[in-house]
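What follows is a group of structures, each given as structure tokens.
Shared between the two complexes below is chain A, which has chain B as its partner in the first and chain C in the second.
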Partner chain A sequence: MARRVTYTTGLVGSDERVAQHPQARREITVDVHDDDATPWGVDAKLRVVGTDVPRVDGPAKATGAAKYTYDIQPQGLCFAGLVTSPHAHAEVQAVDVAAALKIPGVLVARAAGGRQVTFPGSIVAVVCAESEEALDDGLRAVVVTYDVKPPAVTVEDAMADGAAQVDRRAPNVPPEDDPRATMRRGDAQGAWDAAEVKVEGTWRTAIQTHSCLEPHGVVVQVMPDGHATIWASTQATSGFAAGPAMSRALGVPAAKIRVLTEHMGGGFGSKFGALEWDVLAAELARETRRPVRMLLSRRLEHLLGGNRPDSIQQMELGGTKDGRFTVLRGDVLGTAGNAAGGAGSNNVMVYGLPNVAMRQRTVRTHTARAAAFRAPRHPQGAFALEGVIDRFAHAAGLDPLEVRKRNDDHPIRRIQWDLAAERIGWAEARGRGGQRKDGPWRFGVGCAAARWSNAGRGAWRVDLKVHADGHVAVMSGVQDIGTGTRTLMAVLVAEELGIGVDRVDVRVGDTDYPPGPGSGGSTTSPSIGPAAREAALHAREGVAAKLAEAWDVPVADIGWKDGHYEAGGRTASFEEAARLVGTGGLAVSGTRRPNYEGPYGETAGVQMAEVAVDVETGVVRVKRVVAVHDAGRLVDTLTARSQVNGGVLQGISFALHEERRLDRAQGDMVNPTFDTYRILGLADTPQIDVLLTSVVSGFNNAGIMGLGEPATVPTAAAVAGAVYDAIGVQVTELPMTPARVLAALEGA
Partner chain B sequence: MTRQEPPFEPAPPRATPADHATRVSRRGLFKGAGAAAVSAALLGARETLAREAAVADEVRTQGPGLVPITLRVNGEERKVQVEPRTTLLSALRLRLDLTGAKPVCERSQCGACTVWLDGQTVYACSVLAVEAEGREVTTVEGLGTPSDMHPVQAAFCAEDALQCGFCTPGMVMACAFAVKQHGKDLTEDQARAAVAGNLCRCGTHPHVLRAALRAAKGE
Partner chain C sequence: MKAFTFVRPRTVDAAVAALAETGGAVHAGGVDLLDRMKEHVDEPSHLVTLLDVPGRDAIALEDDGGVHLGAGVTLAALAENDVVRRFLPSLAEAAGQAASPAIRHRATLGGNLAQRTRCGYFRIASFSCLKRGADACPVRAETGVQETAAVFANEPCASAHPSSLAPVLQSLGAQLGVQGPKGARSVSLAEAWRAPEKGVAGDLALAADELITAIVVPPRTRPQRVGYEEVRQKAAFDWALVSCGVRVELDDDGRVSDASIVLGSVAPTPWVATAAEAALRGKAFGAEPIAAAAKAATQGATPLSGNTYKVRLVEVAVRRALTRALEGAKGGAR
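Then we have the complex of A and B:
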């Protein structure tokens, strides 16, 4: 059953901008589910939504009270660790655990994993001990004998004649004419032949590890009554133990397994289902009848914890002299380790490109498997695409910003280009290849675009209980991985009920509550937020029914205005009326409805970066970033700014510092520590101006979209464009280390 | 030719395990020889040799098994049993269930385990528990609680200087130290330097800076 609702979607506020870009606001009519809340349009008067709300779990995190998986220490806790292969390609001949088993405190030491080693970090044995110290000794005492074989470590190695084959069932690289590898639109060859301006080049990006501060892992406890609890550092509590592997390892049915993720220390796409070591931990908990902790060491977190595939992107861009793109052609290679897919780049979605021919192939290598990493394929794709556009602008003698605007018809991003340019002072900031300088420093500015399109999904349910003191508890299995999910739900509930955020207790990360979505694809907020709002509406209606009895009026006569119930001149706040629910409280739930048809299904973003480049040392310093993003309607602008800061800083780190380095002969990672694998710190942090455009998407009752991923898409590309503008030559390989900058200058 | 310097002061050196070892030994010497008899000015080469000999005499062999020690943590005496190789971080977390300080990098690279030892910031992963005996240890839990937060903790919440929160206890301890050192005069460069040894993967850095300055100003 549905009711028809007509309301206005699009840009919230800024009528002036809308006057210039009428497409930035649209009236729509949708059939809203009868149980769902009426969508908030751009003119909705909201009290809490869209303001700066401090994170509800901030005090727990700032005082050390928040418990992460790593902090769970049941009585009798044992410690498990992995012996892994230092070789990339080998066969395990023997695993000798005799010495390890003699060490006091070592409970279990045995072979694990397969005999065939296809990447460094392959698990060959597992040890479980009563103390961390005994575990260290035990791991060191395991002796493994390998038959070592030559590996194929890099894309180039794996494609060379006579390269070792990574997977017996398939070649290291799919053939060039594999139809699944190529995406075509229009007539790319014809358009290339006809193009007035043609540019080409090759862009390369390095492998970036997720480097989550809390490593992957679990604490597992099997209770005497046959129930099992898994504390997991995961982005998907509800799916973590859903497969048969965990049930088998624990010897209990899925219904008796509870997964808890109250707080987790970073995932960025790398932490979804239970992995090999998680299952081993479960086996050990069952074997030892003791709680077992298995958390990866920092070295193994770098090796096994996931990574963003590298890329080699040959690109060709053609267009007209007045700056219109007509064709993009590309050939992209990258490795996702020993996985068959996952590499590649996404670079055809932002600008108008009538003719496209892109070939994308994943090359198998003897290295650890990649994992989804914040906007998979996008930062790599943006780096090459925006790079070839900068080259196009240079060839056509046009302003790089102007060229982008000519090829971009997204109504919100057209506004964002202007907002960003005004804020950074685009015209004055341009270096035009060395014209802005001070001593050895050259200054320049670059720009790049982001897009994302995921309005969320899933019929998730949120439970809500109203207590007589006017407080409410909100429950879902969804996890808060640091993105502010708890806070978002609390804000939506507080708004709907006219109460303070401090009256809302959000409990998440527990599979005893209704299942929630996994945190991937920037979908958590739009997937769970609308259910929270609907649950709050049902609470308001449930309390209204109690109030109707108390006031002795038909429930239909009870109105809701400015955060108060009213009927016949009487008014009551939610908190006052909530007394009527009595000691048992009132339990309700809300369900996320299928997406409505919204006009703003593609979120937009623009970033501009200003850099200083020392032409004597090759050092690049990012001075300032302006980041303009929408995420549908913004619920909490404070945590939203944090998300954008994080995306920008990970992007700068990707642009300037991060590179997984492998020993070419053996394939092992030579920089698996934080002093050798550099991630950006506060000393490298520039001024970041975050400008948020709130856009009611139309897809759900709150107009929410996601923000986590798009914020990191354009940063490296904008920094690279700024370096080009500063020194007049392009650095076409990430990270832009001093050596690469100097090489580019020398090659110019 | 003018060179732009990085826009911040270099970080003050944090105490290293070697520093602690020296301090512990010197204490032993003072105790053995009588503090009044020892003057730094008199410590020539011969005295240095004598001092080392005295230290050698003083050294108690501990371990390899469990050693009983008493730690002073957040103002309380806590008796624990540790191996000599057990780090302060491990002792705090596993023996005392003070899990605020986090293990991340395992070797003095990330600052997530930052605590105060006699009021100075140290990486708890790189101090042995036995070295901390008799000294004042302050952890993030000792700084404040959710219902009674230290100004720096409150500022972290107000400025949203945390996302996943795993680096936060270390960041808080580093910022609180800077605020304690500089008070209202804390500059942006000093705040940057104070947390230069703390890594964050979520990218909270700009808000951490704001929080430190906000707390210093007492807002």
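Then we have the complex of A and C:
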């Protein structure tokens, strides 16, 4: 059953640019599910949605009241840890745990993992003890004998003649003519031959680790009654313990396992599913009959916790003298560690490129496997693509911004380019290769684009209970990984019910509630938000039914206007009417409906960066970033800006600092601590101007899209463009350390 | 970390006795020591803490114009103290740029001088390291990560000394006050270092039962100018890639009668740029001799293939530190 609704989607607001770009708004007609809320169009008068709402769990986090996995300490808690291989390539010949087992307090010490070591950090044994001190001693007492073999640590090493093969079932690198590695569009060779302007180059990016503040891990407790509870730092409570591995490890059927992620200190793509150490912790909880905590150390976080693959991107861009691209060709290599897939770049979808030939190959190395990392492949791809575009603009004698605008048809991004340029003062800020300077400092600006596609998915359900005091409780298994999911749900419910956000208690991160989506692909908000809104609508309708009885009018006569019920001259707020639900309350639920056919399925973003480069030391400082993003309809503009701030900071950090450094003989990481693995700090934080273009996407009842990933996609590319503009030579390798900047200057 | 006994003496003598008796490690701020213990690079059976020993955080201007700095003075105090800011401005500058505010409030001057290299090969127990007893330094191998390694005196060990205060204090002619079982002694900081040796982790030539009690900066005998420069990748909370402390003595004609130019993070111990000092002596202090001295500071550099850029940073840091000293002179500062 459905009803037909016609409404206007697209850019919210009365900016005159909307009139100039007619595609920035579109009227659509959709068949809305009967139980679903009527979609809000661009002209909907909303009270809370689209305003700055402080996150509802902010005070708990600021005061320490919020409990993370590490803070969970059931009585009798034991501590588990991993013995890992210091070698990248070896065979385990013996694991001697006798000495470890003699240490007072050590409960379990045994071999774990396989015999073949293919990366440093490979798990070879596990220890569980009654204290952290005994655990540390126990881990040190395990004696492992290895047959050490020469490793292939880098992409170059793995591709060299005679390199050790990482996986005996497959070569380290697929052959050049592997059809799965190649993506073609149009006639790339013909277009290249015909191109009036041709540029080429090689861009490289380093491996970035996720570096979540909260490490990976779990606290596991098996209750005497046969139930088990897992407190997990996970991006997906649903499914964490649903597979056979956890049930087997715990000896408990899935229906008796509860997973809790009340608060989480970062995931960025690295925390999906029960990982090897999580399963080991479950086994130990069963073996010891004690609650067990297993959290990775910072060093193991860097080694095992996932990473963004590196890249070597050979690029060729051709086009016309007036700045239109006709062809992009590329050959990309990267390593996702000892696994296939995951490396590469995503760079052919932003600008109009009629002819494309891209080859992307993942190279196996003796390093720990990569994991999804906030917009996998995109920041790398943007760095090379925008870099080759900057080079093209230089060769064609055109303004880098103008070249981009000539090749960008996205109706929202066309507006965003102008918004960003106005805010940063593009023309005045340009350095043109050293013309803006002060002593050794050179100044310049760069720009880059983002795209994302994230309308959400899944038929998730949200439960809601109305209490007689006018407060409501909202329940979902979805986790808030720090992105503000709780707050987003509270805002949508408050809007629908005409109540304050403080009257809405959102409980998430608990598999006892209806399953929620995993937090990946920037889909959490569009996946769970519409269900929360529908649940609130059903609460409003349920209370309306009670009101109809009380007022003795047909329920159909009860209207809802300006946040109040009304019928025959009488009005009541939701809070007033909620008294009628009585002591039992009123329980309802909302379900996310299949996506409607919205016209704005691809979100857009533009970032511009201004930098200062010390040409004597090679030091780069980012002075300012302007970030313009569309994320569908914005529910809470404060958390949205926070997302963009975080994405920009992570992007600058990727541009200037972050790099996993491996010894090429041993394969182990020489900088697995935060004083040597550099991450952007407070003093390096530039002024960030976030401009949000709220766009009703049309895909769901609230028009929501996601924002987490696109916000970090263009930053490093924009910073690199700004360095080029400042000093007149391109730095083609990330991070742009003093060493690399000086090398580029010397090579110029 | 390995379990240890925490010993809390109340006097320096008792601390020295406890060190001799237990073979333990000296604990003050614990910033570097605890890092090493967590990584099992150090596993002392006893920690002899100086936290209960009074008076170690004294800063005093002595009658002769020298400055006495207790070894327990924190980096934050060095950065903020009026005596230090007025009489030892290059030291205040270096202290204020070190680490983060939280660490500066915990880390002590003595600990800063006694800290070990941040070389990952030394800090990560799974690597072999000459300082920890291996025959060779893996940083020097073609497969080593060399970007932050030493560019002077980097054989047989290429570790870089991390202290940014040591070069400044050494440029100021500081004396190290040391106390051991046989009593107190004073040693010039310039002569307190030892070159890396197989199996020797510490860079200060102190006995295991000796501890630093104070650092004394002698009074100036002639007009002098000082300067400090540090090149860091991050704007704050980062190790220096190169640091440089300079002191230039001028005669009545404004000529350089003596110069001290000491670099940090470029060698296994603080590195004296002898040729740069020589290039300045007898010259009228100004831009040209400064440029020549900066160039001379790179003499003798033996960079590895992965850190040649640091030689350029040496030149820039020396030039900037000397230029600051020069500009300070114009401004009438000490």
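One rule holds for everything that comes next: the second predicted complex is superposed on the first by the 747 of 748 C-alpha atoms of A that agree within 3 Å, B and C clash if a C-alpha of one lies under 4 Å from a C-alpha of the other, contacts with A are read in each partner's own complex, and residues count from 1 in each chain.
Following the convention adopted for this analysis, contacts are C-beta pairs under 8 Å (C-beta built on N, C-alpha and C of every residue); 3 or more make two chains touch, one makes a residue touch a chain.
Bear in mind that the values here come from a model prediction, so they are computed numbers and not experimental data.
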| item | value |
| --- | --- |
| Larger contact residue set on chain A - chain B or chain C | B |
| Which of chain B and chain C A:Glu133 touches, first, second, both or neither | both |
| First, second, both or neither for A:Pro86, with chain B first and chain C second | second |
| Touching partner for A:Ser211 - first (chain B), second (chain C), both, neither | first |
| Touching partner for A:Met264 - first (chain B), second (chain C), both, neither | first |
| Partner chain(s) touched by A:Gly520 [first = chain B, second = chain C, both, neither] | neither |
| First (chain B), second (chain C), both or neither touched by A:Gln666 | second |
| Partner chain in contact with A:Leu682 - chain B first, chain C second, else both or neither | both |
| Intersection of chain A interface sets (partners chain B, chain C) | 133, 621, 673, 675, 680-683 |
| Residues on chain B engaged by chain A in the complex (per definition of touch) | 1-4, 6, 8, 83, 85-86, 90, 93-94, 97-107, 109-110, 112, 139-141, 143-147, 149, 153-154, 156-158, 160, 162-169, 172, 192, 195-196, 198-209 |
| Chain A-touching residues of chain C, taken from the complex the two chains share | 1-3, 35, 40, 100, 118, 120-121, 123-124, 126-127, 138, 141-145, 147, 231-239, 241, 307, 309, 312-313, 316 |
| Interfacial residue positions of chain A with respect to chain B in the complex | 54-55, 57-68, 70-71, 73, 77, 131-133, 210-214, 263-266, 268, 297-298, 438-441, 481-484, 612, 621, 638-639, 641-643, 645-650, 673-675, 679-683, 685, 687-688 |
| In the complex, chain A residues that touch chain C | 86, 120, 133, 136-137, 140, 299, 616-619, 621, 656-657, 661-666, 668-673, 675-676, 678, 680-684, 737-739, 742-743 |
